[in-house]
Amino acid sequence: MIETCDQIFVLLQHWLVSFLPASWQPAAGVLLSVAAIVCVFPALFAVAVLLERKGLARIQNRLGPNRVGPFGLFQPIADAIKSLTKEDIVPQSADAAVHFLAPVLLVITVFMGFAVLPMGRNMVLVDLDAGLLLYFAMGASSELAVFMAGWSSRNKYSLLGAMRAVAQMISYEVPLLLSSVAVVMITGSLSLTKIVEAQNHYTWGLPHWYIFTPWGFAGFLMYAIATTAETNRSPFDLPEGESELVAGYHTEYSGFKFALFFLGEYVAMFSISGLGTTLFLGGWSAPFSFLTWVPSWIWFFSKLMLSIFVFIWMRGTLPRLRQDQLMNFAWKFVLPMCLVNLLAAGLWRFMGDGWLRWVVCSAILIAAYAGMGLAEMRKQRLGPRSYRYAE
Amino acid sequence: MIQEAISVAPQLAVSPIAEILWLIPALPIVAAGLGALRKQAGRKTAATLAIGSLSFSLLLSLFAFVHVLSDWINGVATREIANFTWIQFGATNVDLGWVLDPLSAIILVMVSFVGLLIFIYSIGYMKHDENSTRFFCFMSLFAGAMLGVVIANSLLLLFMCWEIVGLTSYLLIGFWYQRPAAAAAAKKAFLTTRIGDVFFLLGIVWLFAQTGTLLLYNNGAGSIESSSLSLLLSQPAALGLTAASAIGLLIFAGAVGKSGQLPLHVWLPDAMEGPTPVSALIHAATMVAAGVYLIARVYPLMAAGALAGGTTTALTVVTWVGATTAVFAALIAVAQNDIKRILAYSTVSQLGYMMAGLGMGGVAVGIFHLITHAFFKALLFLGAGSVIHGCHEEQNVRRMGGLKADMPLTFAAYGIGMLALCGFPLLSGFWSKDGILEAAQHWSVAQTPFYMLVIGALLTAFYMTRQVAYVFFGHWRGGKLAHESPALMTVPLAFLAFFALALGFIGTPAWPWFRAFLDGRAAGFAWSGFMEPGLLTLMGTSTVVVLLGIILAWQLYGDRSPKPTAPDALEKIAPIVWGWLNNKFYVDEFYGVTVIAFYGWWARVSDWLDRRIWGGAIAGVAWAFGMGARLNRFLDTNVVDGGFDKGCEELTVGGGLLSRVQTGRVQTYLRILALAVVALAAILIWSSRA
Amino acid sequence: MSIVFYLLAALTVAGGLAAMLLKNMVHCVLALTVAFAGLALLFLKLDAQFAGFAQILVYIGAVAILVVFAILLTRGSETPKDGVFSRSWLIGLVIAAAVFAVLGWAVLQSARVLPHETAIPVVTVKQIGAALVGRYVLPLEIVAVLLTAAMIGAVIVAMHENVGHEKEGSK
Amino acid sequence: MTPLTGYLLVAALLFSIGLAGALTRRNAILVLIGIELMLNAANLNLIAFWRYGPHPEALTGMMFAIFSIAVAAAEAAVGLGLVIQIHRHAHTTDLDQMNRMKG
């Protein structure tokens, strides 16, 4: 029974596919999975938007949406209807083709990331040997979509927002990659299923998640920071800073295309949270050995929603950074810290079991953190502002 | 008296302490490097680094010493060597290495111990100097290099460290380079010692050419071991010398420069411009002893070919130079007024004793005096530093006086040091000086050195008493009142005083432990050691001589407190002699009118040659060319030009055409490149098809 | 030769052609990314998974973005007045055609000796990693040094002469 | 036509297109793009030879391609940096106007 619950989606897929001729079965299976992903995550998107609006409202001591349905629960539906029925405006001077392609490309690349993400035991679309690489390749491609959107709008706010977004995404892609490389180093594989497998065992009832190691903890923090910047979320939401750039690169989008951007951003958030869950939080594995009877996909989505909650929480709590602070933080703190973390992970790998590696890795990381932190504290004075891309 | 050949078993396994002997010099050098990275303000770090590293060196040295000592108790003469190849070219290896034997062990302990005390003293002395980080950095470098000289088993390594020692000496003498006198003294010290070093280097090169190795000991294959020595003895050099003697003399020239022997002693008194701890460490206790140590180190080379009881040319020269220096410098010291200058000449004189001891009595005699001298001379210098510090940087002894009440601790220590230096009975200087006198008495060549050294002893007692009388007795004649120095300075004094008192007892005739230790023999205690014929008489004589010197000086200077401007007591008696002595026998002036004047003249001659002869020749050539050019021009304008102009026009047109190739356009180049590729590929495919 | 190959080849070549022919430079870059993507897919078709993803990551994720930045910084997004092709475009075209002729000739000439379908090589990322830090460790180190030098060089070259401290946003 | 021939022809075509672009375009950035295309064509060649070569397990072609990708990234960074600097200096990226060494 437990087994069936755990594998219910896999079994369902097999059952549905079995109606088709044998030669069509593989393709149909894939198609079915894709369809599932494409349905589930937009639904989750609706839930998350509602959650965000309600959550932010609680943090800011107001009520949030409360008109549509009980407690405003049907608000997403209303939003969806509104955005689908609104007029789709393309600026006259805009580059129409590129303007159209940008949101499409964004959504495609964002959804591509889910292809390699294991969402439960045996629940992965394609178990690629270089899965992580595919994920990052797709993440890198989405930058181009953002640029296309900003440039094709022929609007200076859009362009500035796009340039900011691209610069920021490139900058934070480096720590994102490097913090993941630590995991890859320890696991010895780029395959995400293998990474989850490596974390899915227990000592004294506690899991071997990477976040519970010194390098994993530090790596997770770096990953979380980079993720927040990569998805343009507060406090790194400069590309769409309302007070400066109207709405950033999607200023000139409306209606369905705007909805696509909105969707793309949220789905990117889901997918990158899912990746973080997979890399550091044990993916679909249960947090305690006595809870392994709970279906694996429930764990995966619980952790995912927990991450989303943290995103919302941060947005409600932290103020927005300035452009130069953002860049300095990326290149002068997060990046060196990630490199030190790589060193720690390497030591962890080669020092073998025992308490010594805990002490050594923790010491290295704490020393690096304290050293760089103190160095930053010392130069409290703010340097002259310089905006590279606003010249 | 030639040291018997010690039978040393070939060393296969090297003990752990000998293995890490290199750490002893390396630690202070590393400390110097780290200290150099510190800001000038980080004085505490620099001092801590220097003192910490030297403490470790001292600890290691003590381990090494204890190791050698335990071997000695077990009846083994230690000589552990560790060699490695530094550079290899062709079939020739340049090897470096270090050696642990009784000689190096005992000097290691001495250098690091005295050095450590002086370092500690320097904290107090250099407290108010803003550059003390630099000071400690240089001092550490010096200590490291000096320890390197001591452990070196290769003349090349020894020479490298030797030169670093010279460099740091230069840096430290000129430490207060803002003073012109200090800068000049540093330059003088550097250049003067360089003269000796050139000869030293020549000796090294010659030795390398002859024996093919620079290692001193290498299990029988080293350059001062029997096989090489017999080779060197068979090689005649000029003037009836053997190669061994000639090389020995060249090496001795290096030692003369470094140890301030005649005629290269002139730099040492001037070197007193440096800070007093520098004077104590470098120019009293250790660096100047490096020359003596060098002779002791290559003693087998110096003594090669001597029959039992006989001597060699090299050793004879060493003896004569040493004895002459001893008397000469003592004479000058009598008539000096600067407290440190007196001590400097005294150092030169005592170094002469050591050289003479080496030349006549062998390694043990000279080195014993080196050790005892290191302690009491360091004591005297530090005491002098304390006096200078207490008297607010006053150095003229005639402006002092009556300090025994103001600075009782310094006085006590200084008194002990002075008595030890004079050779007052039972103090350390007495035993070591007696050893030298005894050796001189039994020297087979001549008795003159013996009398010279006795006169030197008399003079030593005289000038030291004079100095002490001026400084500590009578009444205060200076300006601001003196005060006692801080404990940081007096505690090292107390340590040194203890050793100046007691160290002599390791080498009394009754218990000649020191010599036995160096020679690798057992040492027994027997009162009968005093009963050797003539020994008691000798000791009596030297006691009498010392007392005579002290009494004479006391008669002239004791408790008198003459005005600083009044003529000296000795000056009243013999003004002409005083003038010669006070002006250091006019050696500097002599060098001024001879060597330096010659250089000046030679420079002027060169200048004249340059201007007149070479310059004239060039001017002549230029004139000739000028004439030729005029002729040419005439021909050119009238004959060649017509044809040439025509040719030029053609060329311009051609060049213009050619320059089109060099368009400056990237794409043109790329185009040509692609065409070339096409052509090449076509040729390749075509030819492979056929 | 499968239909997929022809599709991908057509996509790649079309992307390349468009990148070289279009007037607007940003369009050129976007066409270039199409060509890059096509190439990456061709790599995947050739069972070179790692190289394919690396191609996307490096070329689309980094090089294309870099070119875009360069275009915007040099105000190259406006179409120039006096044509996008250089004066001697015909010569260039002829030479390129000649190069293609030679290359194509060479390929077709050697078609007889070229192997036909071979077994699909199974290469895991692990093997590639082992090769990189094993047999090819020296080139790897050299490339690492080269990339560092290039990064520093690019920063210095692109930096304003009069700006003391600079925030570099690009890789 | 063997599969390898097809890949090689595509690579040759791509190379020629890149070369044509590099030879005919005025803008320095587009010349660089052309060169990138040529590099990519070479990469395709390398991968194709690796796939159909006699020793795919030796990974030689693959490694070559990977290193070439890395080097190309460096080349692009430096090249574009130079173009930007030239633009700052001469206010043009037109290669036809960039034929002087004097600034």
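Per-chain numbering from 1; labels A, B, C and D assigned in written order.
Criterion: contacts are C-beta pairs under 8 Å (C-beta built on N, C-alpha and C of every residue); 3 or more make two chains touch, one makes a residue touch a chain.
Quick caveat: nothing in here was measured; it's all calculated off a predicted structure.
A.B. asks: Which chain pair is joined by more contacting C-beta pairs, B-C or A-C?
C.D. replies: Greater number of contacting C-beta pairs: A-C.
A.B. asks: Rounded to a whole Å, what is the gap between the Cα centroids of chain A and chain C?
C.D. replies: 28
A.B. asks: I'd like the Å distance between the centres of chain B and chain D, where a centre is the mean of that chain's Cα atoms.
C.D. replies: 66
A.B. asks: How many angstrom between the C-alpha centroids of chain B and chain A?
C.D. replies: 71
A.B. asks: When you check chain B against every other chain, which residues touch at least two of them?
C.D. replies: If we look for residues of chain B contacting two or more partner chains, we find 667, 671, 674.
A.B. asks: Which chain A residues sit where two or more other chains touch them?
C.D. replies: Not one residue of chain A touches more than one other chain, so the list is empty.
A.B. asks: Counting only residues that touch at least 2 other chains, which ones in chain C make the list?
C.D. replies: 50, 54, 62, 69, 86, 91-92, 95-96, 99, 103, 170-171
A.B. asks: If two chains touch, include that pair; go through all of them.
C.D. replies: Chains touch in the following pairs: A-C, B-C, B-D, C-D.
A.B. asks: Which positions of chain D touch chain B when the two form their complex?
C.D. replies: For chain D paired with chain B, touching residues are 19, 22-24, 28, 31, 95-96, 98-101.
A.B. asks: Help me check something: in the complex, which residues belonging to chain D touch chain C?
C.D. replies: Interface residues on chain D, with respect to chain C: 1-10, 12-27, 29-30, 32-34, 36-37, 40, 43-44, 47-48, 50-54, 56-57, 59, 62-63, 65-67, 69-78, 80-85, 87-88, 93-96.
A.B. asks: Along chain C, where are the residues that touch chain B in the complex?
C.D. replies: Interface residues on the chain C side: 86, 88, 91-92, 95-96, 98-99, 102-103, 105-106, 109.
A.B. asks: Show which residues of chain B lie in contact with chain D when the two form their complex.
C.D. replies: 663-667, 670-671, 674
A.B. asks: Going by the contact rule at the top, pick out the chain B residues touching chain C in the complex.
C.D. replies: Contacts found on chain B: 667-668, 671, 674-675, 677-678, 681-682, 685, 689.
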